[in-house]
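Take a look at the structures listed below.
Each of the next two complexes has chain A plus one other chain: chain B in the first, chain C in the second.
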Partner chain A sequence: MKEVELKMKERAKALLESGEVARVVGWKKGDFCFDPSPATFETVDELNEFVYDYFCGANLSKYLIQIAKKEGKTAVFLKPCDTYSFNQLVKEHRIDREKIYVIAVECLAKLDIEKIKAAGVSVVTGVEVVDKDVNVSSPYGNVTLYKPDVVLTKCATCNKTHQVKDEEIILHQRPAREVDRFAEVVKLENMTPDERFAFWREQLSKCIRCNACRNVCPACSCVKCVFDNPNSGIAAKANDDKFEEQLFHVIRAFHVSGRCTDCGECSRVCPQNIPLHLLNRKFIKDIDTNYGEYQAGETSEGKTPLTSYTESDIEPNDAVNGEAK
Partner chain B sequence: MLKIAKERLNDLYAKIAQTQGLFLPVKKAGEVNYCVWSEGKEVSLETLKTVKSPKNMFFPQTENMMKFKTEGKNIEVIDVRESFDERKPFVLFGVKACDYKAIEVLDKVFLADPVDTYYQNRRENTTIVTLACSKPEESCFCGVFGIDATAPQGDVTTWLDENYLYWQANTEKGESLTAQVEELFEKGGEEEVAAQQETTKVVLESLPYANLDLSRFQPENLNELFDAPEWEKMSEACLGCGTCTFVCPTCQCFDIRDFKTRDGVIRYRCWDSCMYADFTLMAHGNSRNSQMQRFRQRFMHKLVYYPSQNDGMYSCVGCGRCVNKCPQRLNIVKVIKTLGGKNND
Partner chain C sequence: MQRIGVFICWCGSNISATVDVVKVAEAMKNEPGVVYSANYQYMCSENGQQLIKQAIKEHNLTGIVVGACSPRMHEATFRKTAEAAGLNPYMVEIANIREHCSWIHKDMDEATEKAIILVRTAIAKVKLNAPLMAGESPVIKRALVIGGGIAGIQAALDIADAGFEVDIVEKNATIGGRMAQLDKTFPTLDCSACILTPKMVDCAQHEKIDILTYSEVEDVKGFVGNFSVKIRRKARYVDESKCTGCKVCMEKCPSKKGLNAFNMNLNTRPAIYIPFAQAIPNVAVIDPEQCIKLKTGKCGICQKFCGVGAIDYEQKDTFVERQYGAIVVATGYKPIDLDAFNEYGYNDNKDVVTSLELERLMNAAGPTNGVLLRPSDGKHPKVITFIQCVGSRDSSGCGKPYCSKICCMYTAKHAMLIREKYPDTEVHVFYIDVRTPGKNYDEFFRRAVEQYGVDYIKGMVGKVYNENGKLMVQGSNLIDNEQVTIESDLVVLAAAIEPEPSVRKVATLLTASIDTNNFLTESHAKLRPVESPTAGVYLAGVCQGPKDIPETVSQASACAAKVIGLLVKDKLKTNPCVATPDESMCNGCSQCANVCAYGAITYVDKEFRIGGGKTEVRRVASVNPAVCQGCGACTVTCPSGAMDLKGFSSKQIMSEVEAICKK
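Presenting the complex of A and B:
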């Protein structure tokens, strides 16, 4: 990953120096080896803090809504999954494609520091990835973890490839694997309604209404969210067992269905680790079943199943009864 | 000092719960938060940081304050505190040193004139049993605020090792709780506790954030800090979510709202977050319109405004929850390092 970071930095430097772009969007170093933050770089000097490693899991696409409004062109480094969000935002006219220069970067799956810590390493001073080994150094003793056990949930079932790029910096390809992103959804579908209700009740009761899932979500790009309307009689920040916790997430999942690219940021940012992506995946699976396979963000053009009508569309009752065509 | 074997802790919980409510860290759906104890709950005292701090035991995230019932031209005001046993005593068990200090921070706000009686009722009826830390992690920096993680205060202080929980009462409330459960304990533990404290202190001193320098965060530097150009870059990745404020043990802002019901109104309050766009929203609009301004408000409050009104006491206790939980990895330490002068390089 160090080699890739070096190449990215060189490229960012060249783009800034030549004036081809006014800024570069990437990640900057944190205090530890596992806490980089999304950042904008406007000068070559600022690039000293540039980093690209196994902890750069954040999706940068949503930031471009605001950044693209600035003067001049912006270069951005996008991982495979981030390009779907980017395309979707272009499709929804939220990002001006002409103002963004997309540099596709390799991913190889990102690591989840919480999973590393949960594996029993409470202080992490260094992380090195060698193939499928994650070597973690710690003053409490070094350990080697199996990489598939400690990648971000969103990376575990990802087989995505770049859908848009103006150029690429890819030295290694993540080998395509047999993954089943709907396995967890099927498990939920096979539960009885009572079991399923109990599952979600327990998960959603942890919600603290921080709205991180909504704020990070590239599909949640409304200028003003319905939950932020003081005249609506509800408050997005009020944590209430009856309505807010159970329905907020369901309403949000409905609202982004057909547009959710399954980038998995909702589950990554949740401070209580609620598997929110499973709600979205259920909708994706249903759309696949009822309207034919569809992946949001594959292109930035064309019709989408939930916003176009065809005579062969499934009848609502058939969909409810599970009688897909 | 008293001690009880770890495998008998359940008896201790049951004994306490016989006479009062018992709140402690419980694992539910994979995450540990303070919860009321009942038989069968998965207690996790070993968890260093609960996701939410115990502050919601005194200052719940959402609570009804009163109800108004309208009938014709009459409005009846109903004190909802009577409908649940507000004054019932309870025990808050397993509070870490940082979170205990955070309660002191909250006291200065809620118990100052005019006293917040909702908070006061719960506070006065609680016995706090603290638990010393023995495995601090890199995001911990309570020492910077003069907190000793190995000797937390509280009505009772406890220490936990592989085999025993050690127990020492500090106050009258603590003594009376001890009297209630004493039969489960045996005497001893001084040496084990001292040894654990010594080991933990070595770790605490070696942690990367142990030597943060706060000396620049003084009221006289208020304007200079406020106007620092660095806020723009520091806040650029901020999502404007409320994670940092809601996991923070000292964040104390709330909103009061009315909820219309069929025959009246429920007035409730809920935690608010200075990170939210509707925070400080008034009839004329909002005084803080950008995320940079909101971000700046949060850290200026913790490091400058609060201490300038409370004899220099910071309203951060170094628990490190924001360090662990910010989705984009922004946090108060990065602010301290950026604005706190060269001793933090």
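Presenting the complex of A and C:
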């Protein structure tokens, strides 16, 4: 990953120096080794802070909505999963494709600091990944963890590939693998309605309405969210105690249905660890079942199953929802 | 401050028998904003309307709620009433306390409670109503008729005779439809072709009618008065402007084994063919599935022999796009597939035929030149058994639940014609009921029984099987309460009819609604029977429901009257309840445009202030109010809620929901 970071930095420098782009969007160092954050670099000096490592899980595509409005071209580093969000945003005319230079970068799955800490390493000063070993340095002794145990939830079932690139920096190919991203959804489907309700009530009651899921979600890109609009008729209800349990996340899942690329950012940023991505995946699974396989963000053009009608569309009574009767 | 008036109608006893109208009117007096509440026996009557007008003036009402029948009945009436009293017509709300309440409840207390809630809900909505003004849109004075059967032909002729341009789009190579396939017509027994072909010729010669055969509607945009239709003209591989219909190509074509659909596949035709002698246009068409030249590249005989050079193997489908003010759907029917009715042995025995096949077997232009010969060995059948209701009135799920309506009459016709022409033939008819209402219809059926001695057996047939070359028809005779087996030479099945399957595509393109049996739905079963609920779309013939020729022709003429009434107008009032985006919230994401069935939404780049003296340019939706039909699909698709519908805003709907839920 160090080599990749070096190459990325080199390219960013070259692009900025040549004036080809006015800025580069990437990640910069945080206070600790495990908290890099998305950042815009406008000068070569600023690139000193540039970082790309196993903690750069953040999806950069949503930042481009605002950044692309600025003068000049913007270069951005996109991981495979980010490119789907990027395409979807281009499709919804939220980003002007012409103004973005996309550099596809390798991913190899990102690490979840929460999982590392949960594995018993309370203070982390450095991390090195060698194949499937995650060597964590800590003042209390170094620990080696098994990588699949400590990757981000969204990375565990990821099989995404770069859908868009103007150039690429890929030194290591991710080995091909079989993943079943719907296994968790099927588990929920197999519950009785009461069990499922209890599950979600328990999960959603943890919600503190910090709005992190909404703010990070590339599909939640509205100029003004319905929840912030007093005229929508639902904003006031957001103050209701039961609201976040029963409606906020469900309405949000409906709003992003058919547009959610399954980037998994909602669950990654949730401070309460609510598995929000499962709501979206249920929609994705149902769309796949009822309208044929569809992956939002695979292209930046074409029709989407929920906003187009074809004669072969399933009739409401024939729809399969995969749930136990 | 809102000043709302409430008017509760008794509708005679329609409402007042189940709803305590006095109590409802009294209860409404306590609703916030309500300054006047009254009840009256017939609010739609002159006196009732006078009451409303007076109240509007005396109490300075800003909005009114009429608790009465469905808005489909009298919303327009009460809007006019309000307008006459100086109130904007869109400040009127109807609480439907008849169809939604009194008619479906028996308990007075419950119904009254519900009526109170419904009126309260309408009050909640009317408080948020805003005055709206209807716009205008021009009318394109040209009609499209989809389907060139007798329904389409009649509608086109009537519209054209009134002086309007009409295009007939027919998917087959000729107009004429099913009626062209029929031999004689009931109850007068005149020859079908003799009465149809003059009308076909009239169409062809009419200067206002343009016939597009071998064509299909591909796409429809727009709305009443302003449809834009894309029509696919399928490649016929013959230049329509050159072909003289001399039929030399048909004689010379070496590929003669194509099934002749016009003769119900009972004989064959060449790969290049004219469907029948009186076809219009009298122009050949090549079946690409059968043509040796088109399949292998070798042959070209027809081209060689064509004296006028009309054959063009390179022809491709072309598209024409035309504008229409009104559209008549007349897509017709087909007999159902009999695969689900193995008991009648249709697929196993050549001598089990459908009634439409029998029409061809009896027709002079048919495969047997009008001599009734059975398909298996070409012999005269001596015993013929008819089976009625094959797939009609069928609740088993194999057939259709409805009565196909024409079978009783055509079976009587067939039986009579056979007995007339071949008196030595024995004719039996198995029936469930004989249904022959209509002018001279029952007399016709009785003639078959009484004068022609046709043996009508009340009962169903269990099975038809072949025994030593004879068709054994096993059924029950319910009158004599016995099982009978009739040794027959020919069995004729009165197969149910169903809408021509292409109607589904047409309905989808027109956003015209369709019922569970694929029949197009009329706007009102009794009072608007030829109008589709989609404005500007009219229905003629069997596409709307089973019917015979006289009914089809009447309906087609009724359609024409409606179309003429529309096309004669220069402008139409548009519905002001249209979608409108709040640009400050619009993301420009295009989802609303994707779901808009009318193509009413486009996007514009607009500059917005973003604070700090800065501006930014954003892509925002823009609705063409003349094109928007107010269906609301965009409002529910819009993720940010920027799109809203005038007269049915999200806020109004939510306030209605709240009013219903309020204890």
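Methods note: the second predicted complex is superposed on the first by the 307 of 325 C-alpha atoms of A that agree within 3 Å, B and C clash if a C-alpha of one lies under 4 Å from a C-alpha of the other, contacts with A are read in each partner's own complex, and residues count from 1 in each chain.
Here is the rule we use: contacts are C-beta pairs under 8 Å (C-beta built on N, C-alpha and C of every residue); 3 or more make two chains touch, one makes a residue touch a chain.
None of the values given here were measured: they were computed from a predicted structure.
Trainee: Which touches a greater number of chain A residues, chain B or chain C?
Mentor: Partner with more touched residues of chain A: B.
Trainee: After superposition on the shared chain, which partner residues are touched by A:R94: those of chain B (first), chain C (second), both, or neither?
Mentor: Only chain C is touched by A:R94; chain B is not.
Trainee: Tell me the contact category for A:D35 with respect to chain B and chain C: first, second, both or neither.
Mentor: first
Trainee: Which partner does A:E311 contact after superposing on A: first (chain B), second (chain C), both, neither?
Mentor: A:E311 contacts chain C only, not chain B.
Trainee: For A:P175, is the partner it touches chain B (first), chain C (second), both, or none of the two (neither)?
Mentor: Neither partner.
Trainee: Same chain A residues contacting chain B and chain C, which ones?
Mentor: Of chain A, residues 233 contact chain B in one complex and chain C in the other.
Trainee: In their complex, what parts of chain C are in touch with chain A?
Mentor: It is residues 504-505, 508, 584-591, 594-595, 597, 603, 616, 618-619, 637, 639-642, 650-651, 653-655 of chain C that touch chain A.
Trainee: Chain A touches which residues of chain B in the complex?
Mentor: Touch residues, chain B against chain A: 28-31, 33, 48, 51-52, 61-62, 135, 137-138, 203, 206-209, 233, 236-237, 239-243, 245-247, 255, 257, 259-260, 268, 270-273, 276-278, 281, 323-325, 327-330, 333-334, 337.
Trainee: Enumerate the contact residues on chain A facing chain B in the complex.
Mentor: It comes out as residues 30-32, 35-40, 58, 63, 114, 117, 122-125, 139-140, 202-203, 205-206, 208-212, 214-216, 228, 230, 233, 235-240, 268-269, 271-274.
Trainee: Where on chain A does chain C make contact in their complex?
Mentor: Touching chain C: residues 69, 91-94, 221-226, 229, 231-234, 255-256, 303-304, 307-309, 311 of chain A.
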